[in-house]
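The same chain A turns up in both complexes below, where it pairs with chain B and then with chain C.
On to the complex of A and B.
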């Protein structure tokens, strides 16, 4: 993060050269160090859902006229199999998965561009609403910092994104779909938003909770300060009241069901000769929900379900998954005026609590965090969080090495870093939400500066 | 760091934990002084706090059986030794004849025999080698028969086992120049092997590896282990030219060319006989245990060996210690202080068994320092180190007889003693149902029967590094507060740390670059160590200047910069303490005072600046190397050349210490200098 947000004061050439540099870095690493940097075998990078090795295996099974889900190797979507599968095929000496790597680089790049576009839209809306509120001080800072550029560069230069891209995990595609749906909703392109949502939830299930921020975005538009501020007598003048547009929302649901139907039809065609949709649901969503694979990852569920007694398993499965759903509604009520931020919070929470998290998920929400850089200017603990993320992410492979390869540690060592990582993520979410609420409060006080508190 | 400064809001009341944090941060100076002193004190106390070792795994039952080794085995071993000696004096092509003789004897005893041929793989520095798991580079140049060395491997299949597990005996010998002590160690292994072919209690296969150490003791074992653990398809013999094989025509026996395997290894013992006589009244047993990167075998293995050696064979067990420390006066003084404190404590309450005698303390410290040094270096102390890379617990047992004489009776006695000891250890390990896991892996030895476990020595380390986050937080909060006072309307105050972070990041990037430089320096042909060192140093400086001018950092406030530096040092030290504790401890002793004290010379007083200068000079790795060397009194060779060789050995052995020095220590050192010279 440190490279980007310091430097990108304004102007686009800076952005483009930096973005291209990050792409070139990826390409160089993919082409020249294909096998030396073994990121694809790291548990932090590739999970059972996103591992390309498993995808290649599934593709191979499919090529030999077997169900790709045979043998519990592959747990992804059959569509990915059809798209990425052929790219994994030519595994000549030395250039393993080169084409897939290129696909992921492109996915990363498109994601960054979309994030930038979202950021620009948000910024325009932000400045407009601030002006109408008469809080000129805020609008000035908002103009100074191009949030979109910062967010896109944070996404592109984030080491986690780069590692995910080099680690041949399919997370870049999932991230692309999530960002695509957000972008569609921000632009109010209903079919695009619906497509992104359907694809994202088809690939990894958890983005399905994004339906709430998407509906809010489509229904009532981009992030604004709380509505009651505009209703205050002193600056209610320039503000035109926007109503919640039910027509668009209905359209969104229609499109979503059309896309869902389409995806299902495609899946069933692709799986026709081997197995049905039933097996697909069981092997993908079932696999995600029932936490079958207990191999270590940076999440907290594997350890717990390795320890828990079998007859409590179902109970705790429900408890853990409800955990995500519990937070959905209260957050939606509190942050309904800022749907994009709400989407960020949802993505962050689900990447903490999902059953097979990877650093690719963190990369996405850290990138999205950059979108709100103006509102979060006074976020607390930023340096603490930065050090914490850095420390835990470096410690994680060391602990893994100590446990698996040296044999002098044990599972607790690795799980300790996973817990620390979860704690830091939670602090990040809590702090960002609270500073966003503080920002709203500061707006309420009108021209009084945010500088009143803290530090 | 649970509560960084930013919590100080205007809210009247904080949560208790936050208040504690604020309190600690507000008194960071006192906290730093107290914690650092306590850390150093705890380190000095370690020999006092060491606990007696105990055999933790019940299944081992050391010494519960009567040694079964007989005269017959020993006389066989004597004959074997005589044959080896006579062969040594007359034959020409020893590196073929001796393996053949050993193989013949192994086969006669009833073992399955195979040769393992390998080539010397010179230790080369390869960048990224630290980060990648496997290297599949086959170095196939120079395939002449002379460059091959031959390990002879004999395997006894266990009558009671299922062939899934094995115990390894290693006897390194140099066939080109076979010395009497090597023949003696081969003889000990022979006597044990001879016994074990007959016993009925064996549940694990026995592998006797007579390792051809003409390319180094470690390399032979490492090459064998690598081939043992690499699945080979289509026959191992394919790799080599046929004429290089030892022909089996003359002697009629079955020697397999393919690598024979037994099960996974439960433990490995490297048997050696020292060639210098020991001065004491008893025969002694030296135990070497340090593997690469400060890894140690399970403590139970050492316990069993030392228990059997002391109680079974009456050997004096000793571990490596730093002899030059034994008569240092200040150590004796500290020992006396601790002894007095212990006496006072005992007079207060006889239950407190605190305090040890001065002699014990000094010896314990000498051993501890040597243990720390060997672990910190990350270079294995013997061929047992190769086993640890495959998670096999291994130690080197070096028997040093009190007077080395060639008399027959003395030799027989040694064979008996060594044989019984090895037999006892094998019998104990044979009892194991699982691999060693009960006892400690992370420990430091203060004598052969005393150890400091991870739970104790970590306290010393954590006390030492605890001031770092506190100081970082206090500097950070002070700076941010001063912002709030001075420029009211500046946003992004809490993100100000990004600029110093950029500087720190660049310096660490520089560290990463210079750690890879030796790879390119090696491409320069025919260069002397001194010139290599100088090229390295000048290139590093050049890159530093280039990086500095390209990304000219905005003149960040020194306090914030120091805060970020200190945090990065903290993260680096904590990481290193997990990878290799000893390095982190020694590094913390150097880094922590330097990081805590450093201050721009314009701001600091004269005394503090002078102190800073001294700390910075000592903190430079090269200077540290020379200071330590002159204090401990090693002198050999030109110092620059020696330093280069020292560094070379670090990366040749893939020591994490090298990475630590280049990527944590040096950058922090540079940053400290930067802060020291900061114009404010």
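On to the complex of A and C.
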């Protein structure tokens, strides 16, 4: 694996230059345009959970010996408060959040590097399994496109990622933790995977569902074509049967509980003088689950819960949260042989249906989408989706401006863009899932004749 | 007979002694007029009822209103103040330093605060009950203060009596006669006779400022009750008198101040005092600077004489001069008129007329305070509190402590509703336009941030401002909240009110001390003026527009959102379970070989129906139809079982 990754870097020196260029772009924007690009107040970028301004308020409350969760300003993790809080202090005019910006740039860069490493691992595994299947047609295309580099660059140059980074929202750190757990699982570094998962779900509840792809990754290895293809009698050679390693999974759960305990202990230490863990859970997870804040964002739940009759509120809360959980099992059954793709689908679904979505979440799954560039090459509606994303993301600030600032439009204008955005995201998920399934079918079709030829 | 007489004398004596020791119920009515520099007249009614302590006097009262007595006892109120105000007190031209301004200038709408003599955990319950009772008593929506989002418990910046104090205000409340009538009902003579008969509704409510206040103090629940319950009812009105007559000689450069009389201000006269009142007095107060200016220009008055700047239609019974005046140049003068019942022939109609033009200005509060909103749009904004020094305070402070670095202490108490989400870390202070570090100016700050739909944000601050500053301002940024559709009032687009902030100056205390001559009767209003009290001023109420959702949309939003969710769920599930040709065939062949469960089910259904079992593969169409029917039957049974179970456990 090391050799192959070395090869790809030699082959594509342009990766590093463009990655560095994207970092430089971020730094230039942060240092020279700190106030002109006021992304931090955009509802698309900073949600009540990820807003750095709220974090600064929580830090201020903590500094003045109050619970950071007093009032309903801060809803993030106490650990984030201890790490990022000191960086939010005012350092003169215009320089306010420079250090935080730097932290987010670094987080973005590490995320991109990890995505690239995942991509390389996936590619190697893909080529191996395709070769063993004898589907040389597919393996050639797979070698041509360095999926890791593409995914990392898509992540780094995605305007959504750049906006999130400049908008001082804490989602780059959440994304880093999610990608870290995926990387750890791909590498089968059990403690790292467990740490990433625990931290990510500590920061924003939803990554908890990633436990299924992570277990699959740790247990049975990287993405492969469906197992039954290998089991067909005509090409049993080249394929060595890998068992589901329960030992590693048990180890993963052990590590996860150790990390969870560790995180809880750290949280209770940092909250010791002010409040307990109970309040923390109420203010973070409770806030996420009960959709208390009705300020607009690119999701659809805020307007729904602003309008829905109080009597039905609990019912719809349950329905919408169950909706995420409901698809977890069918997807896991159908895509269990591709845990990385499964993780991508889960991330995409949770970022569509989560209570306070932001473009930072979209940036992550769009980056991960690049990992499957070979498999999803013949995805339908890709141009339509691209223009749809572009259109809604350009319209959304316009509609927000019309509604909030000019008062010439009303809430429905903004809600309509949020609705359209949700629809495009849904189409993306559905299309990527069905084209991945089609890809597997094509593999089957492609594999059989080759195998016959060999025979 | 002699025995009976002696007993009755004894009885009388005993009664007398007991009443002497316990004190009597008392009711006094007073009215104060004060000409204001901007050609208006302040009239201030002051009614005071006292009930002696219950343990010495008993439960029955002759004068004291029963409703208030029961209120005090039910909720164990130590102190309470309720005010209904319309209009805004003009601190610049009506004064901000005198006792009337600092105790009777109230924020618009309803303000209520109360101190309870109950254990701290029962205070909130008492408050909630009290708001409901008062709401019924005064025909006002005071019950809106019941919600925990509307009131707060200030720690130290308000009235310094903390602990069991609760404070709330409703800036939007409209004040009208329906609030005045129940208030008048608490007076023993209502508005049938006495000074309260002046309260002609149209003239009262056409004034520039109108504030009716009810202040309760009781020491009923103290271990040693001395005073009992004291109920102070005041009505402060600022009216614009129509000029009765115009002197032609002064119509040129300087205009004569308007003359006025009771009948011209209120359209009514006083027929006599309230028979139940202990005393009934009318006062006319002339401010120190007015007296000083008159003395300067006309060097006349030392006592009321005919040749002074002004004249009364009724000659005053008393004249009191201020002693130990804060304003070193002039002293205030109070003219007293007693109303007696003996002159039944002529109704009492006090008139005041000016002979010569005079201008003066009121004693202002140390700082001129105003509060305003900054920013535009409905997403965020900032609250700014601007404090500007008045010339008067500067001179006073310089005189007070020359030499050492002097500073002016300002206490700020601000209550912000939860939908104004204030970022307290963005507090900035500018002194004379230059940004200052918070530590230099803020001596103490305690904040309880607002919690969504639970509690308002409360900010209490002690500022130490340098004396030589011209202006200071304090800004706080906030985000505007988004409310649920039901939380908007009917006129949602009008905006939401942020109650007035209270600014107090604990370094300054106001009192008007009058030299009481021996003949003057004890007057509760004058003694109130002599009490030391901290200077308070209220800022403006802020009107914050909030964005509204589309109120007509709930059904559309629900259906459209649910459609999107259905789209997601349906299409994803469809993508997952869709099979193409080959897979379908594979599945069918599998079914044929290993349809064990189906076989079992069909066997079971055959047994149930009492028919001999036949293998399903033999006759495909009939078996399939049969199978579907068993499926349906099983489903129905399952659903019925669930429904039964639900009914059983739920009922």
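Here, the second predicted complex is superposed on the first by the 434 of 455 C-alpha atoms of A that agree within 3 Å, B and C clash if a C-alpha of one lies under 4 Å from a C-alpha of the other, contacts with A are read in each partner's own complex, and residues count from 1 in each chain.
We adopt the following convention: a residue touches a chain if its C-beta (ideal position, glycine included) is under 8 Å from a C-beta of that chain, and two chains touch if they have at least 3 such contacts.
In this text the structure is predicted, and so the values were computed from the model without any measurement.
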In the overlay, answer first, second, both or neither for which of chain B and chain C A:407 touches. both
Mind telling me which of the two, chain B or chain C, contacts the most residues of chain A? C
Chain B versus chain C as contact partner of A:440, first or second or both or neither: neither
Of the two partner chains, chain B (first) and chain C (second), which one does A:279 touch, if any: first, second, both, or neither? neither
Would you check which partner chain A:302 touches, where first means chain B only, second means chain C only, and both and neither mean what they say? second
For A:399, select first, second, both or neither according to whether it touches chain B, chain C, the two together, or no partner. first
One more residue to check, A:377. First (chain B), second (chain C), both or neither? first
Which holds for A:64: it touches chain B only (first), chain C only (second), both, or neither? second
Once the two structures are fitted together, what part of chain A is touched by chain B and by chain C alike? 41, 405, 407
Along chain A, where are the residues that touch chain B in the complex? 1-3, 5-6, 33, 36-38, 41, 137, 141, 377-384, 386-388, 390-391, 394-395, 398-399, 402, 405-408, 449-455
The chain A residues in contact with chain C across the complex are 41, 53, 56-57, 59-61, 64, 66, 70-73, 292-296, 300, 302-310, 319-320, 323, 326-327, 330-331, 334, 352-353, 403-405, 407, 410-412, 415, 419, 422-423, 426-427, 429-430, 433-434, 437, 441, 444
Chain C residues touching chain A - in the complex, by the definition given at the top: 376-380, 418, 421, 423-425, 445, 447-453, 457, 479, 481-486, 547-550, 553-554, 557-558, 560-561, 564-565, 567-569, 571-573, 575-578, 580, 582-583
Taking the touch rule as given, give the residues of chain B at its contact with chain A in the complex, in rising order. 1, 4-10, 128, 131-133, 295, 388, 391, 441-442, 476-477, 480-481, 483-484, 488-495, 497-499, 501-502, 505, 563-564, 567, 571, 574-575, 578-579
